[in-house]
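A single structure is presented below for examination.
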Amino acid sequence: MSIALPCLQETVSEITEELRGRTDRGEVATYIPELARVDSASFGIAVVDGSGQVAVGGDADVPFSIQSISKVFTLTLALGMAGDRLWQRVGREPSGSRFNSIIQLENERGIPRNPFINAGAIAVTDLILSGHQPREALGEILRFMQFLADDPTIKIDAAVAASELRTGHRNSALAHYMKSFGVLDNPVDHTLGVYFHHCAIAMSCRQLAMASRFLAHLGRNPATGFSVVQPERARRINAVMLTCGHYDGSGDFAYRVGLPGKSGVGGGILAIAPGKASITVWSPGLDESGNSRLGRIALEMLAKRLDLSIFGV
Amino acid sequence: MSIALPCLQETVSEITEELRGRTDRGEVATYIPELARVDSASFGIAVVDGSGQVAVGGDADVPFSIQSISKVFTLTLALGMAGDRLWQRVGREPSGSRFNSIIQLENERGIPRNPFINAGAIAVTDLILSGHQPREALGEILRFMQFLADDPTIKIDAAVAASELRTGHRNSALAHYMKSFGVLDNPVDHTLGVYFHHCAIAMSCRQLAMASRFLAHLGRNPATGFSVVQPERARRINAVMLTCGHYDGSGDFAYRVGLPGKSGVGGGILAIAPGKASITVWSPGLDESGNSRLGRIALEMLAKRLDLSIFGV
Amino acid sequence: MSIALPCLQETVSEITEELRGRTDRGEVATYIPELARVDSASFGIAVVDGSGQVAVGGDADVPFSIQSISKVFTLTLALGMAGDRLWQRVGREPSGSRFNSIIQLENERGIPRNPFINAGAIAVTDLILSGHQPREALGEILRFMQFLADDPTIKIDAAVAASELRTGHRNSALAHYMKSFGVLDNPVDHTLGVYFHHCAIAMSCRQLAMASRFLAHLGRNPATGFSVVQPERARRINAVMLTCGHYDGSGDFAYRVGLPGKSGVGGGILAIAPGKASITVWSPGLDESGNSRLGRIALEMLAKRLDLSIFGV
Amino acid sequence: MSIALPCLQETVSEITEELRGRTDRGEVATYIPELARVDSASFGIAVVDGSGQVAVGGDADVPFSIQSISKVFTLTLALGMAGDRLWQRVGREPSGSRFNSIIQLENERGIPRNPFINAGAIAVTDLILSGHQPREALGEILRFMQFLADDPTIKIDAAVAASELRTGHRNSALAHYMKSFGVLDNPVDHTLGVYFHHCAIAMSCRQLAMASRFLAHLGRNPATGFSVVQPERARRINAVMLTCGHYDGSGDFAYRVGLPGKSGVGGGILAIAPGKASITVWSPGLDESGNSRLGRIALEMLAKRLDLSIFGV
């Protein structure tokens, strides 16, 4: 479990070299005005293996808006607080729909299909919030990220959060809709406030790869041996990432990359090679499913060259 | 890759012992009259590892109707014939719907969401049929199964096929619907005839576990070293099984069992532990998603006790 | 009830004159190859009032394929045979969907939303067929049309029927789908055979306007006083025409024309001015909802100039 | 146009007598807590004909919450302000869905199917609001009602409005959803505030029947001759009521009653007999489509006995 991946930095450097110059990068997300200002030429990658080896390439230390990648960590936190009771509020089946679809909610009495579509992540946020002030819940989420990444400098980009609060009508619709079915416990504006803020956490590839080590190593931080979650729970979070991590592009990601992963519209993708490594790539241009275009390609190359696929070794 | 799994037969025997007596078995499928006649108390399990070790329990040598499990093998065959062109006819995303839903077809111009829902498997069958007589295509599919399992006695249960032909109006609807969009090339009754017959192949747990060894071992038969498909293709078929293999219960199966798998309404489930083993369980009672109830539980126990999950080791 | 409409022929002649030359006629239906051969410049109109006055314009005596207009007459016939029992097989709500949508069927256990979408008309045809040979049922439908129009020369266009049989996969899908829910009693190919043939009846504007006099006059033929249906039933058929007669363009037709009506993809539209007149227009070019473009405009002009709207006099 | 309906008061009294004692009244709406407090045994009816004759029965002078019946008047007002430009924001097709469905919005880029489902009425309210403060817009709506009914005592029930503001999450979801597509111009809370308040207007059967005289008489108040809207517009509002006035029960209402109508969850139904009378009935118990159960039956009896159906006279 703690053997170093061979040729890791060389491979990461090669891929960075091959991809940095590519111009077919897709479109930067514009629906949150603040996100549209990012430099579309950015490209970063970071891989942390079980031996503690860290390989980086490109803009691996530039913070970006993690957006939906935060859903992996809020799910982890909420499972720790609510246990399997969480699954009464949210399903764990792929939705076959876009990240912000509301149709499925109407057909299934307000229960979101999984914790990685927006509605599901809002329901998970509501569970974390339960009985607390938004500021407290948000502090807890942020401290959890800092703890996992072992980096107290991680912070929330207030401008991005404010931008989402102003323009996030679709997410407001999802929240009010679930509230009408009794799926949310807290005032809608409290839950949305926390949701928009945790999506606005800014982290670098390196920080994200560090923060997600526990998912690659049966719930433990391999550096300290400290257990974040039970092995079973780490496996299960990986399973949900694999089936649901990329909205209506989840099947294609599994097919091409073969790793559990979670993308965000900020252009980041987190991927886990169980027993081997935690990986983050970042390139702001998105494909038509809303996932980082070069990010997915980088992961496909990395998985192939390092033989990381979970579907055959 | 060829190390024998330790304690394999003991574990299989234990699980068989624990599950055989359970009475919460779900309901046997009744929509094909012929399937309803099967003995609901049947329970079988077979595991083949990379060293050639075979462990069996219960009714592991009793043939049953493989039904949708055949879709894994027709996909393999069609990919060999048509290559990636196949993906113009059928997607590879989870559908979020029941096995026989037609809604998705209307919304996506007749292109089935993946090859493991009924519509997708009919489209795959149509590709195999292309330019041949139904009898020839069916012969090819059957010989492929016999070759993979190394067992020339495998055959089609004509009574089951006839029963489906008489009562399969929902599948006829799917086929005519795709035909209206030009997604099928052959006459609808030819394509459906082949489809109903390959679903009616009868195999035992042992035969199915043998036939699917190539999926656990990068496309090769580990006994002979003979390559059935390229490693990349084996990985990808496993990926599609993981995301789409259990209809609207795919996410739950990945979450609980953590292995690529494919179920059939005959009560069989095929599961693949990449690099380790191919597995088949059989118990005719189904849960509400149409997957074998005890079968899923047996796989959950087996994956846990032998540490087979692809999501963390 | 039997007062002659003033200025009827003049108005009809004026409208014919104004519309014949228009070139914005929409597209002739091509999905049935045989229909695509019709002369797109055709334009006919016929109005029969309660006094027996008949006003015609253009190609009012040229037979065309009545297509879905036949659904009004099969509904009338089936209500006579099955009475209100018919409404257990088919609803009477607007569908909000295209004429050949299958989505609604899946959501409502195979019960078509109303008798004027294709699925509903197929279910109605199945009721008429019950216990008879297709040839007999078809003979009954044809004789009913001849009787209503008082014209024994009306016949079925065999080439159109054959064309539909060959290409009607979408309708086959609808029929098999309903059969899978037990909504059809007869063999699917029998029901579809009768359905395709009654859609292929060829009639002129004059013949259709004559045949539908009973709907304008409380169920009676005003010339003979003979009662075809009870007054209540005539009203109710008109109500279903108003809410459901033009698929997903029904609301717009009611808004613009203000009369119960039923369109067919052959370019005909039947409209009823209760207490006043039965009307048929024909122009083969269709709008995006599949309704005759000039036909709708002609009816809008006619309703306005003769003050026929049911929504305010 | 101004002939008095014969036997009007006798018929109204008979129907009141026959229905008052019935116990199969359906369920009073409970989703707005304030509405649930109404006396379920209430029953009122009022009919105003073109001669100025007013016939009443039961609780015809007890004010009730008009709820969705207000949508008829806001549509009238908005058409006066925006003309046909209104139809760029909202369609006029039956939705085939429940009053508060959001599915259709997702499939049609946020454009509500018609002005009588909740989303459509919210969009219409947003048009009325344009460029004004909520208080001003609301004042305008209220004064319009008072003017039409010739009764300055009509007012808004503040307790009902407050109850809706607190619990109307489903309507909030619809509004935010449309806002995300740019279909609403004003701040969501402004638009919803006006919407909830005009739904909370309290009126009696008599007041509503008086206020809607213009719809029965080509846009004019028959008492004063004053024109509220053009004849064409009155006809068209009636047409939209007929096809869309009762959500997914519109077809059934047209079939049974044969009059344009609009129901509200407060148990009121407004119906128009063009050229003859404006009618309001009130009974708080609702059927499964959310329409007053006894109200619909009363209208069916009235239309039959006075021969009011628009579908055959």
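Going by the order they are written in, the chains are A, B, C and D; count residues from 1 in each one.
Just so we're on the same page, a residue touches a chain if its C-beta (ideal position, glycine included) is under 8 Å from a C-beta of that chain, and two chains touch if they have at least 3 such contacts.
Just so it is clear, the model here is predicted, and its values are computed rather than measured.
*Asks:* Report, in whole Å, the distance between the mean C-alpha point of chain A and the mean C-alpha point of chain C.
*Replies:* Each chain reduced to its C-alpha mean, chain A and chain C end up 56 Å apart.
*Asks:* Express in whole angstrom the distance between the two chain centres, defined as the mean CA positions of chain B and chain C.
*Replies:* 48
*Asks:* Using mean CA coordinates as chain centres, what's the chain C-chain D distance in Å?
*Replies:* Chain centroid spacing, chain C to chain D, equals 32 Å.
*Asks:* What positions in chain B touch 2 or more of the other chains?
*Replies:* none
*Asks:* Based on which chains are in contact, what kind of graph results: line, ring, star, complete or other?
*Replies:* ring
*Asks:* Could you list each pair of chains that touch, in label order?
*Replies:* Result for touching pairs of chains: A-B, A-D, B-C, C-D.
*Asks:* Show which residues of chain D lie in contact with chain C when the two form their complex.
*Replies:* 1, 91-97, 104, 113-114, 216-219, 231, 234-236, 238-240, 242-244, 248-252, 254-255, 258, 260, 274-275, 309-313
*Asks:* Which stretch or stretches of chain B touch chain C in the complex?
*Replies:* Interface residues on chain B, with respect to chain C: 101-103, 105-107, 169-170, 172-177, 179-180, 188.
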